[in-house]
Structures are given as structure tokens and as C-alpha cells.
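What follows is a set of structures for review.
Two complexes follow with chain A in common, the first pairing it with chain B and the second with chain C.
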Partner chain A sequence: MDDAALRQRLNDIFCEVFDDDSIRITDEMTAQDVEEWDSLNHINLIVAVQRSFKIKFTVGEVNNLANVGEFIDLIRGKLP
Partner chain B sequence: MLFNSVAFALFLGTVACLYHLCPLAWRRWCLLGASYAFYCTWSAPFALLLLAATGVAFVAANKVAAAQTDRQRKRTLTAGIVVLFLPLLVLKYCGALRPVLGELVGERWAPHLLWIGVAAPVGISYYTLKLVSYVVDVYWGRVQAAPRWSTVAAYGTFFPHILSGPIQRAGDFLAQVQPIRWTHPERIASGLRLILFGLFEKLVVADRLGVLVDQVYGRPAEHTGLAFTLAMYGFAVQLYADFSGLTDIAIGVGRVLGIMAPPNFDAPYYAENIQEFWRRWHMTLTGWLRDYLFTPLCVGLSDWGQAGLAVSLVVTMVAVGLWHAASLTYAVFGLVHGICLVVSSLTLRSRRRLYRRHAALHAMHGVLGPLVTFNMVVATLVIFRAENLGVAWYALQQSCGGLLQLVGSIGDPERVTALFVNLPVNWSLRDTVIACGAIVAMEIVHFLQHTRRLSTVLAVTPRWIQWAGYYALALCILIWAQTDSPQFIYAQF
Partner chain C sequence: MLTRDSSHLSYPELLRQSRSFDYSACIRGMRLAVLSDAAVPQLVPLLQVLLGQQGVRADIHLAEYDSIELEVFNDRSALYAFAPDVMVILNAINALRLKYYRCQGDRLQLREEVATKMAAVWDTIGVRSSALVVQSNFVLPYERHFGNFDHKVPDAFHPWVAALNAAIVERARGRANVLLNDVDALASYVGRKHWFDERMWTLCKAFCAFDYLPMVAQNIVDIVLASVGRVVKCVVVDLDNTLWGGVIGDDGIEGVTISPSGEGEPFARLQHYLLELKKRGIVLAVCSKNDPETALEPFRRHPEMVLREDDIAVFVANWQPKPDNLRAIKEALNIGFDSMVFVDDSPFERQLMRESLPDVIVPELPDDPSDYVRALSELNLFETTSFSDEDRRRAELYRENARRQQLRLGVSDISEYLRSLDMRITMKRFDAFHLPRIAQLIQRSNQFNLTTRRYNVAECQAMMSDGETYVPFYLKLSDKFGDNGLISVIILKREAPSLLVDTWLMSCRVLARGVEQYAMNQVVKFAKAHGYTTVVGSYIPTAKNAMVKNFYEQFGFERMDEGAQRETRWLLRVASYTPQEVWMEENHG
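Coming up: the complex of A and B.
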């Protein structure tokens, strides 16, 4: 999957999880930038990404994410 | 040695002078010595357990960091967590199982089990969580293993936080003591301000309300209706003021020694929903449980979808309840909150859409949300406060009855006055006025802290007005402090 397609699919997941079609993800984006991004929605996001990309995250990976850029790198690293 | 005692004031003054006068290189040892001295005033024998716990955390973290394979790292981590949790489980929770264990081992050995769960070492619920998080954070690569035991020990035993938190994370603390730096006088001043405000919250607000609450819950059979309604709301404010005051003093004492700590409360009673409430109440405990229990559970149960989220929420909230003590009331308190959280989180999106579609609802939501959440929390705190579930159920019934009685009397001032005058509690109009005034003053400060405007307000306020405020606060404490119940509610956990 190329970078643009990955970002688009991830953006769609963000819009779905946070119920906001205006979200446009960037590498620097953090939980502070999205009003609804709390610990519950963080888990919903992780579960949705796992399902969509058919990948699995470890607890350490989930807890150590600093921003969306790191999240994209993590997903990319797990894709076949 | 209680935080609100003269002995502690003298102790802090001596420690602060020694700490700031000694060379930077010695300060970690100064901190460690002061922490152990403080702990020994509570329990000298259990200071050895604390010493052992910091040793276990130090060794486990370094072994995790040095392990060559992932399997080795996992095994060391698991062993470290088990050994760190063992004293907490045995000394704090096994007391509830003592009769069962006694029957299992027979009459001859039963007397040897008397030490189990008799008295949990002070602060064990706090320092265990801190040390476990340190080892796990090293495993996750969030922090580097400290090369010296004294650094880990200074973190685990840090005396301002050992009685009741906040449960500061290792990364945050270690960054401030590796190396220890010169402390800006403004940090010390802000610490002293927090201590003063914490004492006001505890002595003037919490302890005064405690007089009313203790009378009702102390002899529940003698009270009915409105007395329980007042005790129900009174306890909610008492618990908040008591714990927030204790935390403010703890954070303030830490600042006097140059250590900053995360806040534990962020105006929780104004939360719009129950999820938000738990993000703003006892934040360092809920943050700990989110990272080390809730998230691992959710990730492990991710294939279950929403059911996995629901199970994780309920388990986490029951753990929050049981963290206080092994008691059915705390377990039920946690369970009720877990169920509320599941319902609220599963319906949140639909509710938000509903508010967006109806302008009137959207406008009212800002007021209705906090009102409903506050009353829900107040009602569940009855379970938290009551001696057992029977008393809790009776107290809830009576509280609702009293509330309905009061609402039914609105419009008839004579009936309302009669309701309050005939209350069988020793609580005067003067008490009501002092308590209400103190709550308003406390909430103004909490609002400024919540909106991050406190430092701005202080910066633009002339010095003489600030000092007048500090003297007024000190005077309020001297005149109106209740000194009957010096113990903090949360220090017992």
C-alpha cells in the first residue's frame, strides 16, 4: 500500500471514530488537537485500525505513540 | 506525622533548609534520608519493606534493560511485578480472606495468620503503583533504568507523595533528580501557596462538613430524610475538599523541595459526563490504571469489539473501587461506575448527534450535563461512605425522600425553615454560613486553576493584595479550622 492510500484510509478511520468529517490528519497531530480524542476513543481508534489493516499492536506500542506521524510509521512497519 | 500538624511544619522547615543549603550532589541522599525519617514516624518496621520494594524495582528495571532476548525481558518484568505486588496483596487484601485461610490451615496454624491483612503499611497502595509503573516503563522503553539505587529509592519513597500521592510517573520524577538542579524561589513560593490553600480546603471546608456527615453516617438509624440528603451532598464536597487539600499540600511540599508533580484534580464536579469526571478526578490513579490495566485489557480483548471495551471498563472501575480497600462497598462503587461508563461511552455518539440536531438541547447541555453527572456521582458516593450496603441502600432511600420533601416544600418558606430547624443534628446556621462561604472561595480558586488563569491573576495582582489574601486565608484557618478530625480520608488508603 502506498503512503497516500495509507493516509487516506487512516483519515477515514479518524473521521469515523471521532464522528467528524472535517478531520485532516497530519504527522504532527496529537490527542490535544482533536477534541474527542480521549483514552476511550484512543482504544476505539486502535481497534478500528487493527481491523481495517488486519494488523495487531502491542500494549507498549499503543501507550508509546507520541503523534499521528509515529502511528503511521508503526502501521507501515506492520504491513506486509 | 500528619501534614496538618506542627511537628510536620517543623520537620519540613528543617528538611527544606538542609536540602537547599547542601551541595547539589548530596541532595538526592538528603531527600532519601528525609523520606525514610518521615516514613519511620509512621512505621519503622515497614520502612524495611519500603527499602526492599525500592531494591526490587531497581534490580528488576536494570535486569529488564540488560536482558538480551524478549523472552528474558518478559520473564523479568513479570517476576518484578509479582514481587512488587505481593506485599500489597498479602498485607492489604488478604485480611478479607483470613477466616477462609484459617479454616484451610486448621486450628493449630490459624493463629500464625493473624499478621495477614491486620494493618496495611502506610502508603503501600501508592508506592507499589509507582514502582510497578517504573519497571513497566523501562520495559516499554519509556524511561531508562536508573543506574543508582538511590535515585529509584528517592522516587519510590518521596515523602510528600507517599501518604496519598499523587502517583507521579518515574519519567517525570527522574528527569528532575538526574541531576538535581537549583530551585527557583518562585517554585518554593508557589509550593507554600499550595500548602496554605490545601490546609484551608482540609481544615475549613472538609472537616467542617465532616461534622455533619459523621453525625448522620455514624448513627444512621437515628436519622431520616433531609439529614441524609444534606449528608449525601456534604460528603461529596467533604471528600473532594479533603483529598484535593491533601494533594495540594503534597504537591506544595514537593515544590518547596524543587520537585514539580502532576495535578490530581481538575474541577471534576463540573464534568459534562461520567467519562470526563474520571479524567478529572484522582487523575494520577485513573491515568495509572488507564495505561497499565485498561489499555492492556482492551488490546488483549480487541477481537471482542465493543464487548471487549465494556469488559475492560468494568474491570478497571472495580479495580478503582478495590484499590481503596477489600470491601464490598468499594467493589460495588466501582462496579456501578463501570456500568455507568459503559452506558455513557456506548451512547455518547448518539447523544452528541442528538444535541447537534436540536439547538435547544445543545444550549441546555452545558448546564444539564454537569448537573446530571454531579448528582450521579453524589449518589454513588453514598455507597463509598456507608459502612455496608444495607446502610448505603437506606441512606439512598432517605436522601431521595428528603430531596423530594424539600422540593415539595419550595414556595412555602415556613415549611422549609421548619424542615431545617427540626433536623436532629448538631449543625448551626453559623456552620452553614462558614461552610458555604468557604466552598465558594475554594471553588473560585479551583475554577482559576481549571481555566489555567491562576498564574495570570497572580501576575497582575499587586503584591500587597496577594499578601492580604494569604493573611486572610491563614486567618480563616486559625479562626474556623475544625480540629476534631486531623486524619485525611485518603491517607488511610
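Coming up: the complex of A and C.
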């Protein structure tokens, strides 16, 4: 999967989970930037990404994410 | 209950639906409290949308994480302030296992303490609230510290949890306000390997893997719906290639397949499954495109048939469209379409039924008959919240009814017919022995029900003890064909100088026998004897109770006014009541 496709798919997941089609993800984006990004939806986001990309995160990986850019790197590193 | 198959139990899909679900079509509301020692906020939208799909708008109070005892033992907690109809308690094995590991003393004693504490939670709720408690059991752990030898060591983790579940069941059995949510059955069906998501437990104290959270929600919804009387009462089955292999009209009695093993086994197994349902009170009916004599032949003559003619309450074999026949079966049994399940191997017939009668439950059947029972079982269509002697005898009751109808056809004068039944009636105040059946009838009666107030066992018990306010009666009827059991409930409320009819309901099995005429005489007699000058009744219309719209009018009540919810209120002056003619003897003793 190339970088653009990965970003597009992740963007779709963000729109779905946060119920907002206007979201455009950026590398610098954090939970502060999205209104609906609370702890409950954070889990829903992790669950949706794991399901969509058929990957699994460790607890440490999830807890150490600083922004969306790191999230994208993490996903890319787990894809075959 | 699921109406077709479980494919819609997808977590992301249900979350999506929950955001835009339109609850305006819901016909009733319900207040649910959810308490857990896991974090279950995700359960809330799932419960809301699954209940919404069944016409129930749920207000949900989610207690703080791990606050079960805190909320329950504090009588000023937000839990009681919310005044829930149902309290859902979910206990996670993930939370319990640390207590088990940390216990340095007697672990068998710890098990006893856990079960006793749980019962104390239920009993405290029972004192402070009339809410129904829906308590989960524990999912059996995958840890096997002794391997296969586990089961020989009573305090090894796995057998310890199994025994704890048994102890919970034992305590729940004796408590009418508690129903069990068999979460372990769900986990074992899915497989514990998939059920547990330990990373999500570490991360956010998730109750189970998110993929299976909808199953947990659906299981709770099934119990809650059954507790308000939404239960299946009848299964209507097709014959050819459903109840046996082959087509009786073409293949003949020697040609159809049904046998204890081989290709006919799945059909025998389905028949056994249906027979078990019949034994627990679900009525069986047949709806088949066949000539009646041909269709009956296997029931009468095939040596391997499990079901016999006597097991089928209504047998319809003709060439009419099946939806027409379903209507006839519904009329014969006096039940609602939404309490009927239609089992047919033909996708065409299933689709036609769904389009013609959308309230009838039409499960998808798999291609291979080997999977029929599994497909039906998976849907958990036959949830119930009680099991009484009435249930055991129900099929018999319907057959007796059919015989009464035959007698009726032979008699021209209705009063002569009623007299010929040799009816015996009992009208008594509520007693502890009859409470489960009383509550069951209150939950299930839809048609002959003036106010449709759904009291549960705890509330009935409270009315039984509160003689200052309530005068609650039940009625039992028997006749020469058999015992109909407890068939009517009348709850009167003292509001001097009036006697208020809070609840008046009756099983439709005993329609037009003069039970209500007898009962009204007794109610007025009671009013007179205790100095009440008027009896006031009300009728609250629902989608199903139009048959009693003119109930009070026929007894000479005068219409007073209209209340909320299109309620009409009716007044009778005790002094001007004309006693009704009755056709039954009072049963003493």
C-alpha cells in the first residue's frame, strides 16, 4: 500500500469514528485538534484501524503515540 | 431477539446506526442502569440501537467504572435517583482474577464470599427498588495452571470459577428479581481464544474483544424484551424438506427421509428440537402446501417421526398462499404476529412472508438441513423469564380449546354451551405461591388488558403486602375438558369513596366463557361490602387491546373523562349495578 492510499484509508476511518466528513488528517494533528476525540472514541479509533488494516498494536505503542504522523508510521511499520 | 440472522451484529455497523437512529417510532420507553467492574461505555449506544430496532426507546444510566457496590449500597446514589426499570450488572473475570491470585488464605472461602456479596447486592437492590436485576455470570478463564489436572484441584482457577458460577445460579434461582445473563455461554460459543482481548483490557478495561460486544448487548436486549412479555409463543413449520427430507406428495411415505442417523438425521434432530420447545410451552403449528391427508400421513404412520399429530396445535395443509394461512393460525391461537416464528426451507416462501407480514419472525435457514437447529439456536428466539406449570401444559391447553370449539359448533344456544362445560372458578387474593404465574400473565397479556401496566414479581409482591392500598385478585378456571390454570388478574386500588380498577387482564384462551361477568359481580360485591359507593375503571388503548375498548360500557359504567395517552375513564355507581348472569360454579378449597 502506498503512502497516499494509507493516508486516504486512515482519513476515512477518522471521518467515520469522529462522525465528521470534514476531517483532513495531517502529521501534526493530535487529539486536541478534533472535537470528538475523547478517550472513548480513541479506543474506537484503535479498534477501527486494527480491523481495517488487519494489524494489532501493543499497549505500549498505543500509549506512546504523540500525533497522527507517528500513528501513520506505526501502521506502515506493521503492514506486510 | 434477532429476527433473521446475526450478521447485523457488527460493532462498527451498529455504532454507525446508533448515530442516526430514529427513535420516534418507538412504542415504549425503558430505563436501564448499567454497572460493571469493566469499562463498558461502548455498550450504551449498542443497547440503545438494538432496543430501538425492537421499538423500545432506552434511557441508559452508565455507572462509573467499577462502582457496583458503591452505587448499590449507598441509598442516595445516582443509581437509585435514576429510578431504573432494569439494572444490568456485568462482572468481568478479568477483574476477579486478580482477587483470586492475591488471595493468600482459603480460596474456597473467597469463592463463597464473592457469591454472598453478589447476593447481598441483589437483595439490597430488591429492598430499595423494584428494578429487575440482570446479572452476568463469569466467563470461564483460559488459564489452566494444572493443565488437564485442573479439575481434580478444587481451588485451581478454572474449576474455582465454574463452581462460582454454579453458586451464583443457585442464589439467583430463589430470587424473583434476578435474571441471569449467561455471558459464559456466549464466550464459549465464540471461543475464549477470540473472546478475550487482553490488550484492550490493559488499555481500557474492555469487557471483551470489541467484535463480541454486540453479542453481549443483544443478549441483554433478549432478556429485557422477554421480561416485558416480548416472547415467541408459536413456531409454524413447513413440512417438505423442512421437517423431513423430500416431498411427501411426490416421494410418498417410503420416499421421505427422516432417520436416527445418516441423511435423515438432521430432520429428526429438528423435530426433537421443536418437541423440546413444545414441552416448555411453545405451541407448534404446521403450514404446508399439500393435501391435508397426504401431509398428515407421516405423522400417523412413519415409524421414525418424532413429532406426532397430537404435538401440533394447528395443522394447515392446503394450496393457499402461506401468509393467508399464517393469519388463520394467528386467529385460531389468539396471539400476535410478532410472537410467531415461521420456519421454511424455501427462500421464496420466507421472502413472501416477510413482505406480507413483516411482524412475523422469519429466520434465514442455511442450505444444509444439518445446520437448521444451529441457525435457529444461534438467534436465541426463545428467551423467557419464567417457567411454570402452565407452560408445561400449554400445548394440552390449546388442544382442549380445540375440543371446546368443536362442542360449541354442535350447540346452537350459547348459554346451553357454557352450562355444558361444567366450569369451576376460583377468585382469590394474591398469594406467594402464585406470584410467578401472576407476573408472567401480567407481562404477556396484550389483547384482553385494560391498562397494560406491566408489574414484575417484586411489584406484585409489594401489592400483596400492602392491603391498605391494594386488593389484588387472581382467577383460575377449570372445566370438564381440563384445567385452564390461572387465567386472569384484577388489581383494585382503594381510593375511598371509590374503588379503582388499576389492572384487569385475562388470557385470551378463556375468551367468551363469562369469566369477566363473574369477576365483575365479585368486584361490585366487594365494593358494596366495604362501603365503596363507586367503582372507577380506565381503558388505555394500545396497538393490541382494541377488543376491550367497550369493556366497561357493557357492565353499565358511564364514561367520565379522557386522561393522558387517550385514556378513557369509566364510573359505576355500586347501587345501580345489575348483576350479570354467570355460567360457572365457585370452587371452594
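Simple rule for what comes next: the second predicted complex is superposed on the first by the 80 of 80 C-alpha atoms of A that agree within 3 Å, B and C clash if a C-alpha of one lies under 4 Å from a C-alpha of the other, contacts with A are read in each partner's own complex, and residues count from 1 in each chain.
Note that contacts are C-beta pairs under 8 Å (C-beta built on N, C-alpha and C of every residue); 3 or more make two chains touch, one makes a residue touch a chain.
Values in this document were obtained by computation on a predicted structure and should not be read as measured data.
Asker: Please indicate which partner A:N64 is in contact with in the superposed arrangement: first for chain B, second for chain C, both, or neither.
Answerer: After superposition on chain A, A:N64 lies in contact with chain B alone.
Asker: Once the structures are superposed on A, label A:F53 by its partner contacts, choosing first (chain B), second (chain C), both or neither.
Answerer: neither
Asker: Is A:E16 touching anything from chain B or chain C once the two structures are fitted on A? First, second, both or neither.
Answerer: second
Asker: Touching A:N44 in the superposition: chain B (first), chain C (second), both, neither?
Answerer: Both: A:N44 reaches chain B and chain C.
Asker: Chain A residues touched by both chain B and chain C?
Answerer: 19, 39-40, 43-44, 46-47, 56-59, 62-63
Asker: Given the complex with chain C, which residues does chain A contribute to the contact?
Answerer: 16, 19, 39-40, 43-44, 46-48, 51, 56-59, 62-63
Asker: Chain A touches which residues of chain C in the complex?
Answerer: 11-12, 15-16, 19, 41-42, 199-200, 202-204, 206, 210
Asker: Where on chain B does chain A make contact in their complex?
Answerer: Against chain A, chain B makes touches at 139-142, 275, 279, 290-291, 294-296, 298-299, 302, 305, 308-309, 312-313, 345, 349, 352-353.
Asker: Spell out the residues on chain A that touch chain B in their complex, using ranges where they run on.
Answerer: Residue positions touching the partner: 19, 38-40, 43-44, 46-47, 50, 56-60, 62-64.
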